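Letters A, B, C, D, E, F and G mark the chains in the order given here, with residues in each chain numbered from 1 onward.
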């Protein structure tokens, strides 16, 4: 049993490391900030998630397992939020995604910029 | 939460002090607790600004009283020690009230009490709400902690407490010049405390201890492979900067004139002296033999500081900025003790430190009076104060002469002792520097007093006439008392010390011998002699 | 090769790969070229660091490090959120010459700082 | 020299009395008005009377001391010494002081600050009395400086006038500098002789003269004496001090303060005098001062200035005499000092009375006052006769004595100078005493009357004293001159002075020459004045202007130095600071042989190397970032690397904290920096980059070397072992780091959270408190179209 | 109120999970703490009328995990290409009538699955702007979402 | 940053972070963590809340001004030290009690309350800093 | 390991001090932040380095595991981190405020407290 778990742990770790490397390569190789965001938000989450899963699997003590799983969930909760906010901010700030220069979708998002500030965005709900 | 009651049996006495502690023993730590707790309470009730003054005043009065009681005890019994958390030395943090620290703490408390006892009218509600009194309390916490702790890293912590509190006080009001001054003050002081921290960490790495008494012993027993010389140099640079010694005094003339007079008065009284104290403590008491090679350099620094300060004062076009330079010049006198490391020199330096705390605070407060009535500190725009308030003018003159070292005010005793000590130690040029800086300061303060007080009015007032238009009268008698009262009280102290120096002299001498001979200190803290 | 050996090798390999990833991500932070590029890379740095800590925990059997990973999972994204806000309030100031808009239509957006 | 006996205790009271009276004076003036002067005059009068009772004993050769411990551990006593020298001076101070207090009462009548003035005068008197009576060197210094301070207040009394302020400051600066010389001298004498007590110093024989410290002590004593006693070229403050109200001039600048320097020379003559240095330097400066003073006196038309310049001259004469150092010269000096006090005090008061009553002191605008002011005229005449050295006044006796002194010394040059100087003093004396009174009446600004009693009593009494001293020379000689001369000489002297010369001696011939020259001079006064004025304006420079130039140069120098050491630029401050750090690290390491040995030991594992590489990359990223914005974002790399390093080396708490702090730092940075213009490229000139890099690298090297050295020292684990042992067993915690933080070293944490709280509060203040100036537009919006 | 208690219970579970102890005391303490922390933010919890079908939730999670790994591999594949010839683009995904909570969940799931990234939601909550890393065909992306996550979400929470 | 996504998820995250901060604080004596880190996490939670819902909302949720909370924390920390005076021990001597609550032994100690004081100080100060800056900058 | 870390510490100090020599206050503050990290590493190294094992006792032990790291420097660094972070935060806000009030982040242009055009003291009396 423990040796199966050990092997599983090792595999999970390697998968996680692989995803992390993919994310790193993606961030390095992708052509613009939005495509890099894809690599970061996904591969980062997967990489750290699998490593945490490896911890959960490897450890026989209950508290560590539950905590590691909690960690995975924490990542899943937060990662998309930051990705979304950053992407949105970049679009609104005027960073034009590659290949979408004349894209009507983009301009409809960006139109918000042209509108008065208070309507566009306010931290005060 | 996983802690449990079922611990293995241990011999408590091997780790902890098991004898009960009386209130008398708490006297060492109470001066720290009182302002700290008061500061915390003030922050808790930060919106009830009307409570701030009474609470702070009460705390300062209590602090002064406690310091006095502690001083009495130290005078009769020698250093008083309390181990924090009851852990045995050198494992726990030792609070060690020796004569030097206790004296300076007491004078600090006195200065703070006097400077802020009457409501500083410059402190408005907004500044109270944003922390004048909490900053003050924490400043006093830092000062007291620095003077009383017997642990090097703990000293660093209190340094930071007083530094951040001083930042707070410095920016209250948020005038442009304050912001500018704080930038320079903040960064340069940060570098200095960082150096202090680095030196402390390295000293720990070399000797394996942080307790000052333990360091004093281990440093004297250390082999030649321990780089104590370089560490001493690092400590010297750190504390010389904190003390605003030339040529690392930049921050002081850049900032001390910017906040309200009350704050400047507190700074002038307290901050640089903590640096001098730490310098004396580390270089003389802790690292004594290892730092001896720095003596000549320190002597040059001391002399240069006196002269640079005096020249700066002479070159100042602004009363407040001149006072900053006078503080610097005084630091030079306080460094003579660290440079010469003789009983006489240390006595003179310690005496000078007390004198400087009183007189510089008084002068900054006086500058506040001038500014309150003339709305400027520009020597060109001032005038007519002697005609308007002769007694106040004479008090200020006495204070200025005290700075210059003219008798019969407090400043001449330490100068005389320092000159004596310098000649005796074969450094006549250092004695000459004391005298020459005294001469230059006489010229500088004489000129300033001429402009501000004797001259009939601002520059351009026709000769022989008095134009009182530039000197507003006080808004009320209460304001007059609030502004002038503290100046007078401090001036009285200055005069009393000048006329009756023996008491302070004996204390300074005792403190000096305590620095020179660590045996008594280490014996009291650790029960061992080096 | 026992399972334990495999795990040891896997852990070491993981740590090396993750170290390499950290270096690569750092390179992107340095290269930029735009502010969001750097922020994205920083965000990923946190993720990879968490993986690193988890793998290290397995190696040393010291799970004290796990809490750090948890905290980073929960709090680390805040840095990115703050930077996003920063981008939003600054516009493309500083990056304008790097990322010229594709069309004239958007030129009015250039350097528009709220 | 006899050992001192105990002096009566009331001497200390006498010293305190003037100061107490000074404090009371303003109050008393308010209550009693004009009468207050009479009441206050009782203080010096009583002192004078009391001191007189000591004369018999002292003239019999006794020396008395008494004192209080002041700072015993430092060997300071507040002590007095009564011998012939100090007693005579004390009598002068109190005696003339009595007259001056009275005179002041009349002179300042109706002045709104009359009480303050009386206070200053009395305080000055107290200081002067203390100066001459002090036995302890420090006490002497204190009193010496006290006279400087009180005279500063007196000279600048008429403070609204710039000339008065300048004169006061000048006097303060010059005499204050002298005071510092005195302090140094006292200290050095103390080190040479082992005592700072004057009575013991004076009895120390050849100790000082044989000491290596003689020359510095000699120079310092001269520095003190010459500034106070107005020797050329430090004399300028004295004529300028005539800005003070006349009672001040009469008191300070004739009888008392200016004599303090002479007193010091006389006091120390037994142990410093007689050396080649002494007999060369003193006559040289004294002679120059005598000639300068008299010539400058001729130049003046203001009565007070004429007198002031002759005072300078007289001081020069006294210094010459002391410099000659023979018994005869000392007797001459003592005699002349007393005579001068009487006639010069009287003449100053006369000048003041004329000014007060006629409204001017300009001798060219005065004349024919003898009818209106008969008492004053007679007093002036009597004083002038004494000043001119004519019988039957004490001035004559004194002049004979001093000519004898010069003649005996065999130094012809001194004789010539003395005669010339005395002749000119003859001229000035009569010019002051005769010109305003004789001739046809001249219209003066005020209609002249005889002055009130307070103004006339002083000159009259001094005239009578001058006459009485000459007529009763025997008693005067035995009571004052002999004991004083003995004290100055350091051995008993029995002078033989005569009012009526017993034979035609050299001094008598010199006197005749003096009188002849004087009469010629008096007749030629106006053309001579014009000539001196012409020469003076041709030279165009004098020490007085020199003073201004020195002050201006000092201020300019100070400004220059200050600009260099305090340029107001943070960048320069920082550069200096970092350079000092590098020096503080590297120099001791190198010079003290504390350099680390070449490192050996384990190499980092691959992952450790990778993390360290990331840290270095992160540092490089920040350093080379072209814009601040890039630098900010790159900052996180090295922070994370450090956190991971903490993970690798068993410090989870640190890593945890570091990660959290990095995150929150980013949040604060992002919130704070929104408005700053961060996109702009940073330019440092090449040379500056090189300089900055050099000092920074040097400092970095220093830190690395010192750290390495420290790690090569065997480590003492005592503390760590203790914490390891008791963290759980007593403090119930498994995480030792946390146990240290909350228990073993909890106090650190208490301070630390205090820092956190204050930082929060300070930041709140920074964000919230509005500056009174409007917020500036951001550069972005300002610059971009 | 029910939602509030349920959420508190979720937090209690989270508390117990991180503590590694599901003892009664610990769960109760966690529940109390959870309720307390929730009470602080309660006015902004927008959960009215939400109900959950647990089995559907499991199915949603399963779909998510599969999608996650699938698209992770897709990104890897893209990266393996030598020339990186990408056709990135943006689509405006027309949302069904979803509540805020559901929109958020959908957007986050889209973001977590590689290839797509939720950029913004239109103010009228009708459009979800999605950035695609490689989008030869916009309609395919829309269909994908409509038939996948959105459907599952509707099933789970309605 | 007024987006539906952010606004919806943020309160949940805030609760979770606060919960987690308490966890980290309480276990600090035995595992990595403690009042400082816990306080930082809590402050992050409030900062997050401020970013998503605006500062006034946070101030309402906090009820007290964060600096007042910080002041309370410092007071609490100092008070735990002063408590030893009542037991005639030196300042800051650790005092321990192990009461049974629902059959479970709970360790109560002055160091624990000291750490809680640290938690409040750090949370209060850092939250105050973040909120005042967010407020100053206005909403974006 | 210590020599390597000493070198790294040296680099940290050199880089941060170089930054602090800039005229731009933001770069100075970045230097301050890095300096704090350098100092922490220095304290850490000075207290000697051990790999992997934290100074935390296992549940069943009353002493830390063999080869555990030295706890004291960690505690000191923790205090130092907190303090330096507080100062950094203050200085950052100060920089912000300085920029607002003084209109610059160039320290050379901050000449309010020590004005460039100081006329010097009055002449005359």
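Please note the rule applied: a residue touches a chain if its C-beta (ideal position, glycine included) is under 8 Å from a C-beta of that chain, and two chains touch if they have at least 3 such contacts.
Given the structure is predicted, the values throughout are model-derived calculations rather than measurements.
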Comparing centres built from CA atoms, which chain ends up most distant from subunit G? D
Express in whole angstrom the distance between the two chain centres, defined as the mean CA positions of subunit A and subunit C. 9
Where subunit D and subunit E are represented by their mean Cα positions, the distance between them in whole Å: 84
When centres are defined as mean Cα positions, the distance from subunit D to subunit G in whole Å is 46
Based only on mean CA positions, could you tell me how far subunit B sits from subunit E in angstrom? 60
For subunit C, give me the residues that contact two or more of the other chains. 20, 22, 27, 39, 46, 52, 62, 64-65, 67-68, 70-71, 74-76, 78, 81-85, 88-90, 95, 114
Shared-contact residues (touching 2 or more other chains) in subunit A: 18, 25, 37, 39, 41, 43, 45, 61, 64, 67, 70, 74, 77-79, 81, 83-85, 88-89, 100, 121
Can you tell me which residues of subunit F touch two or more of the remaining chains? 1, 3, 5-7, 9-10, 12-13, 16, 20, 27, 29-33, 36-37, 40-41, 44, 47, 51, 53, 57, 67, 70-71, 74, 78, 81, 91-92, 94, 96, 107, 109, 122, 125, 129, 133-134, 137, 140
Checked against the stated definition, the touching pairs are A-C, A-E, A-F, B-D, B-F, B-G, C-D, C-F, C-G, D-F, D-G, E-F, F-G
Please output the residues of subunit E touching subunit A within their complex, sorted ascending. 14, 16-21, 68-69, 71-72, 75-76, 79, 84, 86-92, 107-120, 122-123, 127, 129, 131, 133
Subunit F touches which residues of subunit D in the complex? 652-653, 655-657, 660-661, 663-664, 667-668, 671-672, 674, 730-735, 737-739, 741-743, 746-747, 749-750, 753-754, 756-757, 759-761, 763-764, 767-768
Considering the complex alone, what residue numbers of subunit G touch subunit B? 20, 25, 28, 32, 35-36, 39, 42-43, 45-48, 59, 62, 72-73, 76, 79-80, 83-84, 86-87, 90-91, 94-95, 97-98, 101-102, 107, 110-114, 118-122, 124-125
Can you check the complex and tell me which residues of subunit E touch subunit F? 7, 11, 14-15, 18-19, 23-25, 30, 33-34, 37-38, 40-46, 100-101, 103-104, 107-108, 118, 120-121, 125
Give every residue of subunit C touching subunit A within the complex, in rising order. 2-4, 6-7, 9-11, 13-14, 17-18, 20-22, 24-25, 27-28, 34, 36-37, 39-41, 43-44, 46-48, 50-52, 54-55, 57-58, 63, 66-67, 69-70, 73-74, 76-77, 80-81, 83-85, 87-88, 90-92, 95, 99, 101-103, 105-106, 108-110, 112, 114
